[in-house]
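Note that the chains are named A, B, C and D in the order they appear, and that numbering of residues resets to 1 at the start of each chain.
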Amino acid sequence: MQNHQFDLIASPGFFIATLLIYAGGAIGSLLLQNNDRRAALWSTLAAIAGSILGVSFAVAALLRGIIPAFTSESTFPLLSTSFYVDSLSALFVLAICLVALCCSIYALGYLRHYYAKYNIGLLGFFYHAFIASMILVVTVHNALSFLIVWELMSLASFFLVIYEHRDSANIRAGILYFVMTHVGTAFVIFAFLLMYQATGSFEFSAIRVGLDYASPILRGVIFLAALIGFGTKAGMIPVHIWLPSAHPAAPSHVSALMSGVMIKTGIYMLIRVSLDLLPPGELWWGMTVLVAGSLSALLGVLYALSEHDLKKLLAYHSIENIGIILMGIGCTLAFSATGHNTLATFSLIAALYHTINHATFKALLFLGAGAVISATQTRNIEHYGGMIKTMPQTALFFLIGSMAISALPPLNGFFSEWLTFQSLFRGATSFDAFHDFPFILTIGALALTSGLAAACFVKVFGVTFLARPRSTGAAQAKEAPFSMRMGMAGLAIIAIALGLFAGPVSRVLGQISANLIPGGKAESLGELNLITVSSPDKFYTISMPAVFLSLLAASIILSLLVFLMTRSRRVRIAPTWDCGTDLTPRMEITATGFARSIITIFKGVLRPSRQTDIEYHDSRLRYFPKMEKVILGQRDIYQPYFYQPLRELISKLAIQVKRIQSGKINAYVLYILLTLLGLLIYFLR
Amino acid sequence: MTFITPQLLLVLTTTVFTSAILLHLTKKNSSAVFYYVIQSAAISSLLVIASFERISILLLISISATVAVKLFIAPFFFFRLIKRHQLKFTVSTYLNTPLSLAAIAVLIALVQADFIKPLLLLTTSGQTFILNLSLSTILISLFLIINRKGALSQMLGILSLENGIVSFALSAGLEQSPGLQLGITFNIFVWIIIATVFSSMIFRKFGSMDVTALNRLTE
Amino acid sequence: MTTTVFIIWGIHLLLIPALSPFCIGVTRKIKARLQNRAGASVWQPYRDLRKLFCKDEVISQDASWLFRVVPYLIFASTLVLGASIPLFSARVQNLLTGDFLVIVYLIAFGTFLLALAGIDTGGAFGGFAASREMTIAALTEGGLILSLLTLALLCHSTNLAVIADTLGPRYFLSFVPIVLAFISFMIALLAETCRYPFDNPSTHLELTMIHEAMILEYSGKRLALLEWSAANKYLVFIALGANLFFPWGITHSQSSIALLVALLLFVAKALMFCLAIAVLESSIAKFRFFRLPDLLFTSFIISIIALGLTVKS
Amino acid sequence: MALILIIIVPLLAALATLTVRRNLFSIQLIALVVLPAEVGAVGLSVYRVYHQSRYECGAFLAVDALGIIFLLAVATVGCGVILYSIGYLQEEVRKQIIGFSRVKQYFILLHLFLMAMFIAIITTNPILMWIALEATTLATAFLISFYNKPTSMEAAWKYLIINSVGLLLGFFFGTLLYLSPLIGSHADVSVSWQMLLANASVFDPQILKIAFVFTLIGYGTKAGLVPMHTWLPDAHSKAPSPISALLSGGLLNVALLAILRLKIITDTAIGPSFSSGLLIFFGVASIMVSAFMMLQQKNYKRLFAYSSIEHIGIITLGFGFGGLGTFAALLHMIYHALTKSVLFLTAGNILLKCGSTKIARIKGAFSVLPVTGVILSLGFLAITGVPPFGLFITELYILAAGIKSNLMVVCLVLLMLALAFISFLRHTMKMCFGSPVEPTPRGELGKLVILAPIILLSILLLISIFLPSPLRALIESAASTIQR
């Protein structure tokens, strides 16, 4: 590999140029805010340009290896704006820019329905700030600058969440999001402060070296604080509560970015902290992450099943997929803590691969959802139906996304779940019986999760796109504009490609992982080539191209054969069999009905709420119901059992504290006297 | 220093102290002002005597200003306030008299405690008892502000507190430059005017001088 | 030599689709006998398929392109499945698509598409069946994966061909986990292939059917493909059970005699499975839908126990 | 010379305003003239201090790096407030809330208030400082009761009494104790901070401790430290908004300066651990109580007032932690002065437009007051420590300075900061979005009332993103003064 070819692209100057384009996009769209069309055009074109630069920078950086760090001191003490784009950072920059590219192309058409309703210039400003701050988050190498850009990212995304501010639900979602992310950041700050205490520096490079002498307890505390802090951003259960309401509130291309990549910055930092800054880790770290991952995955998908709001449902799937990624990270931590370096490297590939995969297919799904929503003006999937006829291409892209997220071969979701499974299998054999069990249970959780995810996406796709339209909105929907379809097509192609070229991609990821795991060698991972992925000890072998091609070949040959054999048969189009009644859209299965059986089975965990409304033909007789209405909802267990009591406790405390301000001036002077005497007695005894 | 004999100092600080206690005991506003005048008179004579040593024009001005403010202007304002609003008996307290006295006893006991000892080293006359009395005056005056519900009594409490501090300073032998003394006196003068204006405004707005009526801001 | 391997490959590829209607026929015949009926001939499924291929087709006006494509994709997936699993010869160890997770997820691939096709026509039955099918499939997957994982861990490979090849010597060392895993696997088999107590493969009563309701709107060649795919899936499961849990008779030899013997042995094992399934089906009643999860969770738990008992290598 | 100018200009302005009869414009003109004079004088002093480290002017007036930072903060806020007051009072006159005589009274008192604060900062004499501070109390008492409502009378009365008690008891008494080593030396005019510092070694440590406790409580009352803070929310909420801004952005800091001056002496004599323990205690108490109080607030001006208590607590905490904390606390003080005055000024706009200080009565600030709404939300972000505003980084510095010695305190403060953020967020969101409770025409009130907060906010943003190195050098030298 002639590395110097990429020197120009993988240079700090190029990186800064990328950021400057985003800055220009942000300021430009703010300046153009009086003209919707121009602001939209400017902001999307700038974002596309910036993303292309970002993608090329990241690719070049990945191919070239490490970029020399570049640091510039600021006038603030301890704060330096230092960037260090190692391969892990480059990978995340790539993911961010790739998704941002497709989302921006999509936005070209999507922004149209905001014209004259909301301020496009502001949207452009925050959109650019958001992307730029995400890129900074994954490249910055100083804890203070990191915290600043991290907060800027939260801030920008907060404004994007409340962008459609005339809906008070969005404001509430934004508040919840900002509160949760701020509390999460408090934990992050705590973690970094502890690191500062141990090392006396906020530079990552100094922390990395300095923490070697820190006590295991301190490291454990830092790890837990980081897990909670970054877990909040990533949407880990039980600190996920902001996610299902915040992601749907934002404009769809922003939801795609938030779900696709923003929550991954939490994953990035978790990897950075637990594998780069903190090691050596301990076994219980891995186990904790595994448990958190299993819970998130399983509960996330169950909540998604009981959801009828399309974007909310997708948001819950983000929680599920974060859980799967966490499983991979948990394995990595457990392996690296016990010296199984090769296995750790392998597991990290699984986590990273799923991170990228989820970024692509979840962004794809959100973009699809955005297309559907802007066509029908509702987020309730019960009001869709039959849209595969009105929006065939959107449907195809959405189907690809659905199949990918359901981990169906030969798409990319399958491969990363396969990797995660394999890591867990290795975990189930590498430890003593006691420590094996978490792995076995996690395998079960993952198996159940992927099955349920498939069920859920049958529900989503079936109810949204198939059968007959259930509302006039769905019946009169129009296919999305060209640019929106382009955005989705881009992501769909990436999703297919990531499945097909699993070997080479894994090799790149293996290199990244090996850089992070001390003693991890990319060479010891076994074959990772275009055709097969296999372990050195032949524990596993798989060939994604073979799966893909055999399915393709079998289908083509089969169709040809059948076509040749049955050319003479006629095909007649007729109404669906209706048992002699008039078949109306109301007789189709609804999303509620579809998920009902699963929800009933898991009602112990899900605690669904049910609201029935029966109307009788004869209210005295009550035997012949005229109409029965069942609304299945999901009872939130986190609010009433954790957050609500916490809030009440704080309110109670606040009310008690309020008594200090009693309004009586005599009491106020008494405070002064008592403080004086108290202090005198305490200090001068 | 020669002009202040320990005996004289003792007599005067005792007067200050006693009038502070009497401020607690009285039920009539006019007599409270009267006790304050007595207290101020004691302080003023202390100031006058202390300044004999290094008499100067500026010092003379500052002392006469102090005397004027404390002995004449303040009572004048207060009596006018009482007269205008007929405030004979509005002196009410949180604690009744025995309990107030008990609280005062506790405060005086505190002043005798060990931790206050280092302060007593400040004395130049060698009589720690005098400093003790001044400290007690300070605390008792503070307690007066806490205990009383009347605006006038609170004002008197603050002034009495100031007197206590001055008596402490004088008995510890601290002196300020006359210029600064003038500034302080001017401050107190303005303070008395403002406070009187306020209390009469309060009377107009709230119909009484009872500060417990001022309880709307409670958040 | 290459020609032999090529021939073996050919047989391997075609064995499942060729043999599967026969297995269905045999199972039906045995069930009929157990019900004191004469039953149709074991070749009847072949005749049915031919008849369906010759018929014209009626497609619902509400159906989309998905409805038309799905039968081909499902059949293709069963073909890939058949080619990926060990059947009778160890000469063609499939190391490309033979991972057991690929098998499980290819099965899920078929289920997913079939459920979508069921919804696509907008009839009440299709959607209803799709819901049930996905519920069962979701809950089955865990048991299936974990039971196969038990074997994989015993053999230290997740490749089915390797498992079938290497499990034999360790069989009696780990008899208990294998038996437990087998029980779990059998439950998954019944669930996935729409057998009693999960589904009634020969029902025409709307309220009980799952698989039949999803393909209710299909006719002609597409129905034939779907019926055939279902048969393929049935045989794939039987082959998995026969070759993984009873890993004998797969030959390494290249001689045509040995191959023939192995082939016959495989057919015999498959027929034994058909018999066992038929007997099992005849001796139990269909479960109420909401009792099925209990059974599936049982399968799940049993395989977890099996995993716990596994001596890892 | 510049120092004398700093004091003389407001005095002259007050006197000139006194002579004005029935002419609003002349009063405004006088106020406008004060601005460049003050800016020039302060700028000159900053220049001198930056180059000479200390700038003296006669026996009584001098500034060092520590003083100049406070002078800078107070002067900046003061200029912003004067500018704003011109527009604000004009609007009030237009709405017939007040008459001409009140405007005159307001400006006289405002100038005197500024003058008193300037004196307190640049004087070298502790007693003079006390006098100046007491003068601020007296000057602002009538400003707080400006609207003559019962509640504003109540607030003013409480302000007067509590501050008098605090200052008398603590500072005057405490200062006396600080003067104790000079007994017998007949120190006349020349008592100064430097002299006290030079004599620090002759103190009895116990007396010094008592003295510090007294001064901390005395000045703490003025600075609004819990539990002596009780006057603060009342006064801030009832005063005219520009005065609230000046109270928060100026007065509290001046009181802190006095604490710092005495802390330096105490630390020199008995080591820093005693004072830092006390400062941490009051800092944490202030942060905790104010965080909880903010949660239940129904009145936005009170909300801002409690936030001032919180930030004074943070600053105190920073001084208590020492090290990097001192630097950060000084910087935090500047940032907070700017931010809080911006917030109070926007509060003034909202109050004038919507006529209520209740949070529940204010909705849709964005739609009614587009610019003020934006400034309010930016101010909210700044005050809760969200980047890019500087309070974020200074809070981090302060916590970082404390994590080594006071882990639990840092944990607690982190939680309380999050709580404060939550309460602020809830209240601000309620005010910014939605549609107005009563239909109010869209539009700002005037140019000046937007200009002043915008200027202050821009200064804040500028020095948050890029801290000028002279400023940093000044703060560093001030920090080294504090912890020698």
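Just so we're on the same page, contacts are C-beta pairs under 8 Å (C-beta built on N, C-alpha and C of every residue); 3 or more make two chains touch, one makes a residue touch a chain.
From a predicted model like this one, the values you see are computed outputs, not experimental measurements.
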Message: Per the definition of touch at the top, where is the C-beta contact count highest among chain pairs?
response: A-C
Message: Which chain is most central here if centres come from C-alpha coordinates alone?
response: A
Message: With centres defined as the mean C-alpha position, give me the chain B-chain D separation in Å.
response: 30
- request: Could you tell me the distance, in whole angstrom, between the mean C-alpha positions of chain B and chain C?
  value: 101
Message: Can you work out the whole-Å distance between the CA centroids of chain A and chain D?
response: 44
Query: So how far apart, in whole Å, are chain C and chain D when each is placed at the average of its C-alpha atoms?
result: 79
Statement: Listed in rising order, chain B residues that touch 2 or more other chains are 116, 118, 142, 145, 154, 211, 214-217, 219
- prompt: When you check chain C against every other chain, which residues touch at least two of them?
  reply: none
Query: Which chain D residues sit where two or more other chains touch them?
result: 157-158, 161, 165, 169, 206, 210, 233, 293, 296
- prompt: What are all the chain pairs that meet the touch criterion?
  reply: A-B, A-C, A-D, B-D
Message: List the residues on chain A that touch chain B in their complex, please.
response: 658, 661-666, 669-670, 672-673, 677, 680-681, 684-685
Query: Given the complex with chain A, which residues does chain B contribute to the contact?
result: 94, 110, 113-116, 118, 139, 142-143, 145-149, 154, 211-212, 214-219
Field: Footprint of chain C on chain A - complex, ascending
entry: 386, 388-389, 392, 395, 399, 403, 406-409, 414, 418, 421-422, 425, 428-429, 433, 436-437, 440-441, 443-444, 447-448, 450-452, 454-455, 457-459, 461-463, 465-468, 531-532, 534, 537-543, 546-547, 550-551, 554-555, 558-559, 562, 565-566, 569-578, 583, 585, 587-589, 593-598, 600-601
Statement: In the complex, the residues of chain A that touch chain D are 74-79, 144, 147-149, 151-152, 155, 162, 165, 168, 171, 174-175, 178-179, 182-183, 186, 189-190, 193-194, 196-197, 202, 650-651, 653-655, 657-658, 660-661, 665, 668-669, 671-672, 675-676, 679-680, 683-684
Field: Partner chain B, residues of chain D touching it in the complex
entry: 125, 127-128, 130-131, 134-135, 138, 141-142, 145, 148, 150-151, 153-158, 160-161, 164-165, 168-169, 172-173, 176-177, 179-180, 182-184, 186, 188-189, 191, 204, 206-207, 210, 233-234, 237-238, 293, 296-299, 302
